[in-house]
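As written, the chains take the letters A, B and C, and residue 1 is the first residue of each chain.
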Amino acid sequence: MTASSTKDQEGMTLGVLNAFRFRLNTLAIVLIPVCIAIDWAGHALASTLKLPLFLDSIGTVLGGLLAGPWVGGLAGLITNFISSGTVDPIAAPYSIISLAIGIAAGIGGYYGWHKTWPGRIALYILIVLVASIGSTPLNVNLYGGQSGVAFGDTVVYAPLVKAGWPTWLAAYLDELSGDLPDKLITVVVAVLIYFGLPNRYRALFSVWRRPSGEPEPAPAS
Amino acid sequence: MEVTRPALVFDRVGYAYQEAPREAVSDISLTIAEGEWVGVTGPTNAGKSTLCLLAMGLAPHFFGGRLKGGVTVLGKDSRQVSVIERSAEVGLLFQNPFTQVSGARERVDDEVAFGPECHGVARPEVEARVAEAMERVGIAHLAARHPMDLSGGQLQRLALAGLLAMRPAVLLLDEPTSQLDPAGAAAIFDVLAGLHQRGTTILMVEHRLERLCELCPRVVAMAAGRVIADGPPDEVFNREAVQERVGIPVFTRLARDGALPRPWPVRVGDAATAFAKSIA
Amino acid sequence: MAGGLSLYAEGTSLLHRAHPLTKGVLTLSAIALAFIAPSLWWVVGILVVLLALVTAAGVLRRFFAVALAILLPITLLLLAVQGFANPLNRTVVFALGPIVYYREGLAFAALAALRIACLVSATFLFSFTTRPADIAEALMQRGLSPRMGYVVQSALQIIPQTLEMAGRIQDAQRARGLETQGSLPRRARAYLPLMLPLVLSSLVATQERAMALEVRGFGLKVKRIARYEFFDSTLQRALRWALALAVPGAIVARVAGWR
């Protein structure tokens, strides 16, 4: 299904903004806490299985794919707020990154990227870029350039900085070393779950993808 | 002389859900007066739930879909009134006790207060209504408990209290006791009987025919999206078309198979009398 | 049971009774000041003040247990990496075999670690003394949309419920032979069979829940009535303003040469 963007002199820009036009209805409001819980469960499960990944954005990405950038973004933001206040205060400044990831997933969902192979790769790349580019300035200013992940900090950051590379670049690669696998599994799982949902369920939220003014199908006689 | 307006009017109503090839209900015309207790029954896909959704406005506002004809509740056309606006005067109790809890409150009394709070009711008034609603359904002793600690029957009463706290003039119920045990079901019906006495208009979908006949002075039988009978239960369940397509209450079948004279009774009391007479 | 998530510890200290907004401003400005302050001793000062408040709130022991668990790993990581690799390194302090540690890097790491300690302390000071329900209520009184307030309140209940369900699904799947221990690939393969049923059952009732909410008037645009009042005072209001203004003030001072 291709999304139709409003024809306008500005062309592409307005097209993306269409993804945000959907006003949060009650269904979307109910979905957000569920996505937040999925974020938490995804992370808890990864810990229980002792997997070396965060996997704390599956709900955020799924929410974005299902119901758009508002749902994805708010899910990411609030997941981060709640975890900052309870188990992981260090994650607090990164709330804005979670917000951005949810928005990115929502935009990808609007254009249906998750439905094609090139699209899925594009979705993954977009999310990795958002996460890594967004987190690096925070890492540099708050945590001395480190990502806080032992592997990245000791194997990537330390040797590079020692060898004279610029801090911001070393920090970026450090962050990337964690984001590449983490966001890959996140996007894979979110997309798999998306397609594992019943069609009827996905259709509940597809209102936001349909361009407004589409006529209702004619009633059967 | 005061003319009472009808509480619900369905005027040649047809409705099809979005993307559905067929209408869920067709050509429904019903008038329900204020204070009536009407039971609605029928086989699966008869359109009974859709009737409730139409009266509440969830069809078409929540579900989209195509609405034909007019649904007028308390004098207002359902096309013009949103569901949340309706909620001040009309309540709808669903089947599943577990999914009607708001999930945002940690105490039963706060949960009951949720609806009035959404309506911006002043604090003292909210507290009065909550106390009254909890009393009516018999959960006042659970006021401080966490909603998730309640049993199915208690939760359904909690959901009902939540609706009653808004003092609706019309109460819609979609198989309110199908997921409850007999004790839980009886508790709900007791509350409804009380509401009926106090003049609340009740439209209740119920597939347990014996209950329906016992409680409702008027029954609407539906099949395949249409009304096939509408009247007192004695009349409705003595009609062959209804017996065939919708079902037959146990006592009625007993009377029929026991070759009792028509019209066959539909209630326990009447059946007992009829059998006693026939034995005598 | 709700509250499984919250760190809130019952108490009657001044901090417990203070308006959530006051505590929120305190937390945010303490964190901001810790990161703006130019040198170690200023940050230590802020940390001391925060710890004093934690003690005054009567939650010191609980606080230490949780805070240390979070701070220790990151502090060690910072010291290990910055002490070794920081570009400003000049003065050798000690060596672990071939890995040499320098004073500048360690000092840098210490400053970063102390700032993080302030972040954690300020956040926990808030969490230990404020009921989650109060946070939502205070925000809504100050203009947060009730629908957003609902999202937060609902999330706080749904998260522990979902985590519990995750545990049950794990048990059920293990009983069916799912391997959750052993090599990394084996553990990784267990992820989806555990996540998928969890997500499906979490999502199943959303439509019903949404209908049930609308039927109660959720989302009506009315002026929200406060459910209960918080204790506020001129002193608290003054404190909030002072703290809030201290942040841009500190920024200006930094620009003007504060070191």
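Observations on the structure shown:
Basically, a residue touches a chain if its C-beta (ideal position, glycine included) is under 8 Å from a C-beta of that chain, and two chains touch if they have at least 3 such contacts.
Worth saying up front: this structure is predicted, and the values here are computed from it rather than measured.
The greater number of contacting C-beta pairs, out of the two interfaces A-C and B-C, is seen for A-C.
Ranked by distance of CA centroids from chain B, the top chain is C. Inter-chain centre distance (chain A to chain B, centres taken as mean C-alpha positions): 43 Å.
Between chain A and chain C the centroid-to-centroid distance comes to 21 Å (mean Cα coordinates, whole Å). Averaging C-alpha coordinates per chain places the centre of chain B 46 Å away from that of chain C.
The residues of chain A that reach two or more other chains are 26, 33, listed in rising order.
Looking at chain B, one finds that residues 62, 103 touch two or more other chains. Among all residues of chain C, those that touch two or more other chains are 150, 154, 158, 161, 209-210, 213-214, 218-219.
Residues 56, 58, 62, 83-85, 87-88, 91-92, 94, 96, 98-100, 102-106, 113-115, 117-123, 126, 146, 148-149, 159, 162-163, 166 of chain B touch chain C in their complex. Residues 5-7, 31, 35, 70, 73-74, 77-78, 80-82, 84-87, 108-109, 112, 115-116, 119-120, 123-124, 126-127, 147-148, 150-152, 154-156, 158-159, 161-163, 165-166, 170, 180, 184, 187-188, 190-192, 194-196, 198-200, 202-203, 206-207, 209-210, 213-214, 218-219 of chain C touch chain A in their complex. Residues 1-3, 133, 146, 149-150, 153-154, 157-158, 161, 205, 208-220, 222-227 of chain C are the ones that touch chain B when the two sit in their complex.
On the side of chain A, the complex with chain C involves touching residues 24-27, 29-34, 36-38, 40-42, 44-46, 48-51, 55, 58, 62, 74, 78-79, 81-82, 84-86, 88-90, 92, 141-144, 146, 148, 150, 153-154, 157-159, 161-162, 167, 185, 189, 192-193, 196-197, 201, 204.
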